[in-house]
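Two complexes follow with chain A in common, the first pairing it with chain B and the second with chain C.
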Partner chain A sequence: MPVTFRASLLAAILGAALPAAAADDVVIGVMYPLTGSAASTGLELKNAAQLAADLINGTDKSLALPLVGGGGLPGLKGAKLRLIFVDHQGSPQVGATEAERLITQEKVAAIQGAYFSSVTQTASQTAERYGVPFLNADSSSVGLTQRGFKWFFRTTPHDELFVQNAFDFLRDLEKKKGIKVHRVAILAENTEFGTGAARLQEKYAKENGYEVVAKILYPPKGTQLTSEVQKLKAARPDVVFQSSYLADAILSMRTYKDLGFLPTALLANDAGFNDSEFLKTMGKDGNDVISREVWALDLAAQKPVIGKANDIYKARHGVNFNGNSARAFTGIFALADAINRAGSTKPEAIRAALKATNMGADQLIMPWGGIQFDENGQNKKGAGIIVQVQDGKYVTVWPMGPGAKDVVWPLPAWEGR
Partner chain B sequence: MLLLQTILSGVLIGLVYALVAVGLTLIFGVMDIVNFAHGEFLMLGMYSSFWGFALWKLDPLFTLPFTALLLFGVGAALYRVVIRRITDAPMLSQIFTTFGLMILFRGLAQYFWSPDFRSIDQSVLTGKVAFAGLQFGLPQVVAAGGAVATTGAVWWFLRFTRLGAALEATAADKEAAALMGIDAQKMFALAWGLGAACAGVAGALLSTTFPIFPEVGANFILFAFVLVALGGFGSVAGAFWAGILIGVVEVVGGYLWDPAYKLVLVLSLYLLVVWLRPQGLMGKA
Partner chain C sequence: MSRAVLGRTIALAALGLAALFPLVVTSATWQNTAILMLMVAQMGVAWNILGGYAGQVSLGHAAFFGTGAYVSTLLALRFGLTPWAGMFAGAGVAAALSLVIGWPCFRLKGHYFAMATIAVGEIVQAVVNGWDLLGGAVGLSLPLHPTGFWPMVFNRSKLPYHYIALGLLLFTLLVNWLVTRSHVGYYLRAIKDEPDAARSLGVSLTRYKLYAIALSSGLAAMGGTLYAQKELLIDPGSTLSTGLSIKMSLVAIMGGVGTLTGPVIGAVLLTAIEEASRMGFGGTGRGTDMVVYGLLIVLIAVYQPSGVLGWIKQRFPASAPAAPPAPASPVEGAAP
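And then the complex of A and B:
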């Protein structure tokens, strides 16, 4: 006891004077876009990850999630989680270099990141080469878990599931409400995220007997989306499937309104449309957009821990969790769970523990069956929901049933909102 | 009809590109310095409009003269404090300096104003302009009109005022102009002030339609560089016509072909022009 006390006192003194010298910490590298056009999203992800680490390092046990309030990881004699945040600027090249730096200079036990599928792709490649576990909590491109990597683990469901969800939703609309959709158009940004999603949407649309009237891939971060919107307008789709990050999501919505383009429904593929800044910026024009999601605050009615975790986050940062931040938060818990069971910060031990992960639904703030990875590192128990913006809030509209709101269909006119 | 609509949409955005490029070409023409921080002047113009709106409910159109003056001050001060020291430095130092300023401005904006996306949602400029089956957002039309007016004013100033003539003289030959009693230091400061003010006005005009965030300048700066080279280094009229050309090629090309390749079209056109006419459309050989 006195030894531990003295050691922790020493660690505390050292820690205060020289944070890097606290040898017992479990160091995790966390990479998000902290500058660049997705910086506001990156900041939310960073805040959520840090909150998860603080809850695990702290002593307040009031939130009913595993490891919370334990003052560190019990499996490593109370070692604290220390997150090192790096900025990948949304660039795949920077992501790869930063991952290398985290591994070789900072000697991290594991890496979490990177939101952009394109950056996750390159950064995880670096981690694979060095043999360091890479946990991805928030990139949805299918290809990421089809590379046969040994060190890559993904907690979030991927786009194939989300696209299936979207078509299940359309089928349910037809069955339960008699709403029939014929013509669909696809608009997507042309990096890993958008092109992957667009390919799947096209495939599933054709398989389900819809007519794909336009498939438009555009370069992100542009100055205008006029050509894209004119093409959409000319194609006269009932439903538009859209995959865009924040800046483009805002710009496209404004252009729809200015050029008078109004599809029956807009089915967004998360990302920019579910960012906290989206509704702040769009106001009433953001209403009635439909999006796939992995999280919504109204799920708290069935799962109180969601509400409690959200209260803590909101008290700290003034905004609610969203699908992105909730997944980043969950990612740290999945890593902490594995490292704790591994009882070691050796990469091989953590990898073995990740492979044996079996977290239950009650251990998560997500509406998932749990976390358990398949041989490709993909979480088998993830699930998606579909939300719609109604009166400035994201509400669950699918799966239809108790707790879900009625969907507003079609999109109301831009004028008179 | 859709095609005509698309062409006109291209002209509208092209005029805004032109205004950003006019400021850049002015600075380059007078001083032979490539200002990589030019997009950041645009960003500051947007934030100036945003804060006027957020703090005092002043419409960006109303605060536009103030934004122009403010950016003129920023540009002139930047010259006095930083650029003056590198006028005769090797080109590499000049590039590093303005590139460093770009990063500095972005960093400061992110530090003080957060990376959040801002927008001005209740401008007097909302709604549409519709005629003969065509329709455009009113903010875009006003932005294009404002860009024409500002570019025209700069052109008139250079062409028909004594001060403008002095600026042109300094651009043509610094030493000779100095012998004629023109204070080169003042002219350089004027060029930076005017250049920054042009970008600031473009920022103010864009602020009602484009999301406002610290790195927004990056979206526009590539076009500004293309326009400066395409129109002819230092040529205000060249930048203007190049702006319209590029806007139309980008929007119409994206519409008729594939939007994924709209930048390819723009840059191919650029390569073609500088291959056939290295001095640019209206540059002096």
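And then the complex of A and C:
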């Protein structure tokens, strides 16, 4: 008897130490840069992912997205989603270490992350070694889905598609508005993001018959861009393709104005140009810049669920969704959808469900055709949009059609803005 | 028990612990932490040959670490050369590079030398960032397959990486120990303490500093190869950054600069603080882990500037103050 008593006491203590529902929760590891230069972005991603989980776990059905308000996953008898957040500090080594900890210690059913392409690469390698699904919602490096991995799934479109979009946009301009572009210049910061984009832009420009009159790479931490801008000016491009982070995006715009450089149009590659700080700092000088995006609030006019989801996010965190947070939010929905259909937290079952994913456009807050993965784990139905700053707001100008605003072309002079 | 004997006993016990650890502890996270400790320790010991014994503080050692990583990876990707050979090729290239860099930089003294090495580190990083052969800013990645001994890629088991890291650390310690026993070691210490006196006695300062930097950077490069094989991705940000250079010097300084085992102690301590603060506070998104990490380093620097070994020496003073340098001791603690 004493033995049984002791055993039951032990069981009682152990039971009390763990939350009662813990065994039934579906645990998902979520890794983002929560410290370092991208910490503010990482925090937005974290908030968006948590909101997605809370909506699925909650009972409020007012938002018209799948699984919302079901009080958990119906396919697993109402099991709740529990997200464990980890900070990878932007380091590929820490990313691999933390992915391993999530898998072996926290026993996660799947991992979502990691924003930085380099960290996504090492962390997903770890997931591949252990055979745990890794969903990437926000890294755009092309090579990630060319590795032949079995356990890697990416919902966001990648850089090549974004560059393609920019050239589709130029083609549509010519077809629908008779605007013809001949000379293009490329200006990009010289780390992974900028060099990769510049390489693709050069390739597509040549294939589409444009003349590349300058390709200039610069160090993003520099304090001046005078000589780069002088070179640009001398090359007399119609359109400048630019890939910059925040500080250098602002610096380049100021230098353009100081040196009186005014291309017909500036086609930016997201990043610094879409940061909320960019327009705050630039004011009217930021107007009419064109940039690629994955998401814009004015899409809500066509798709009301976008506006509703944004209202909930804004009420909680005081800011609107942006391309990054909207994708992180969508990533959790894609995982939840697969786990719910799998009806199990076994990795193999989740992988099979992910492979069979077929979410429709109406089930997402993204301007995508849906989510369906190809054999490399890349979402086939992703799409980008192109926005332009008009009167201090980002508005969708491409794809052209209902809901899209008319593009302002060419750039108005710096004086008299 | 004299301190030399005590030191030897502790060192043997530590070695035994390191050798048995992954057999006893099966949690992948703890095994991984142990490997990180061994790898960081190896970097610190390599750095210490130049920064500790010769007193030439380098804050650009990541350049050599990265050279090792890039050379072996490039040889493996282009020619299918096993990293076991690539590791030594990388060490050779890094040593040669260090001589080219050391020749002009050793004309500078003290702080100026340290500043020059920061510049060198940044230059190497900038060059690699723009070098397409080396993958530019994206870096190079090694395939997950094939696995096994010759490609030095292992799937789930951590044991091979653990024992390679341990072997490399012991090799680095051995080289370090041999240097301190040889006349080169005495010359280096003379150069550190009294460069003018050493020169007046006919010691060629530049020549012996060049010996030190070549050895130090060659060994750091071998650590770089192991990093590449373990993580399978190298990019300038993670293998050539100034932050990594500072980490190498930090573990040596925290543990006890210019001592054989100081960097090992420093590495164990620093890695433990780093991992524990991240596991404990990393998910909050408020940077608490970095604050805790930084605070602990500041506390150690303020209260124990001579490093952990210095503290041990104060707490347990040697029985005879004029103890011989005891070069045979694996713990350098007995040296004055």
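Just so we're on the same page, the second predicted complex is superposed on the first by the 330 of 417 C-alpha atoms of A that agree within 3 Å, B and C clash if a C-alpha of one lies under 4 Å from a C-alpha of the other, contacts with A are read in each partner's own complex, and residues count from 1 in each chain.
In this section, a contact is a pair of C-beta atoms (placed from the backbone, for glycine too) under 8 Å apart; a residue touches a chain by one contact, two chains touch by 3 or more.
This is a predicted model, so every value here is computed, not measured.
Engineer: Which partner does A:Asp172 contact after superposing on A: first (chain B), second (chain C), both, neither?
Structural biologist: A:Asp172 sits against neither chain B nor chain C.
Engineer: A:Glu100 contacts which: chain B (first), chain C (second), both, neither?
Structural biologist: Only chain C is touched by A:Glu100; chain B is not.
Engineer: Return first, second, both or neither, reflecting whether A:Pro219 touches chain B, chain C, both chains, or no partner chain.
Structural biologist: In the superposition, A:Pro219 touches chain B and chain C alike.
Engineer: Once the shared chain is lined up, is A:Asp337 touching chain B (first), chain C (second), both, or neither of them?
Structural biologist: Neither partner.
Engineer: Which partner does A:Glu202 reach: the first (chain B), the second (chain C), both, or neither?
Structural biologist: A:Glu202 contacts neither chain B nor chain C.
Engineer: According to the stated criteria, A:Asp270 is in contact with first (chain B), second (chain C), both, or neither; which is it?
Structural biologist: neither
Engineer: Contact-wise, after the overlay, does A:Asp288 reach chain B, chain C, both or neither (first, second, both, neither)?
Structural biologist: Neither partner.
Engineer: Check the residue A:Asp238 against both partner chains and state whether it touches chain B (first), chain C (second), both, or neither.
Structural biologist: neither
Engineer: Is A:Gly260 touching the first partner chain B, the second partner chain C, both, or neither of them?
Structural biologist: In the superposition, A:Gly260 touches chain B alone.
Engineer: Please write out, lowest number first, the residues of chain A touched by both chain B and chain C across the two complexes.
Structural biologist: Dual-contact residues (chain A): 34-35, 39, 42-43, 190, 217, 219.
Engineer: Flag every residue of chain B that touches chain A in the complex, lowest number first.
Structural biologist: Where chain B meets chain A, its residues are 2, 5-6, 9-10, 13, 17, 106-107, 110, 114-119, 121, 128, 135-137, 139-140, 209-211, 213-216, 218-220, 223, 250-255, 258-260, 262-263.
Engineer: What residues on chain A touch chain B, complex-wise?
Structural biologist: Per the stated touch rule, the residues are 34-37, 39-40, 42-43, 190, 216-219, 221-228, 230-231, 233-234, 246-247, 250-251, 254, 257-260, 277, 280-281, 283.
Engineer: Write out the stretch or stretches of chain C touching chain A in their complex.
Structural biologist: 27-29, 32, 36, 126, 129-130, 136-139, 141, 144, 155-156, 227, 231-233, 235, 237-238, 275, 278-279, 282-287, 289-290
Engineer: In their shared complex, at which residues does chain A touch chain C?
Structural biologist: 34-35, 39, 42-43, 46, 84-87, 89-94, 96-98, 100-101, 103-105, 117-118, 121-122, 125, 128-130, 141, 143, 190-196, 217, 219
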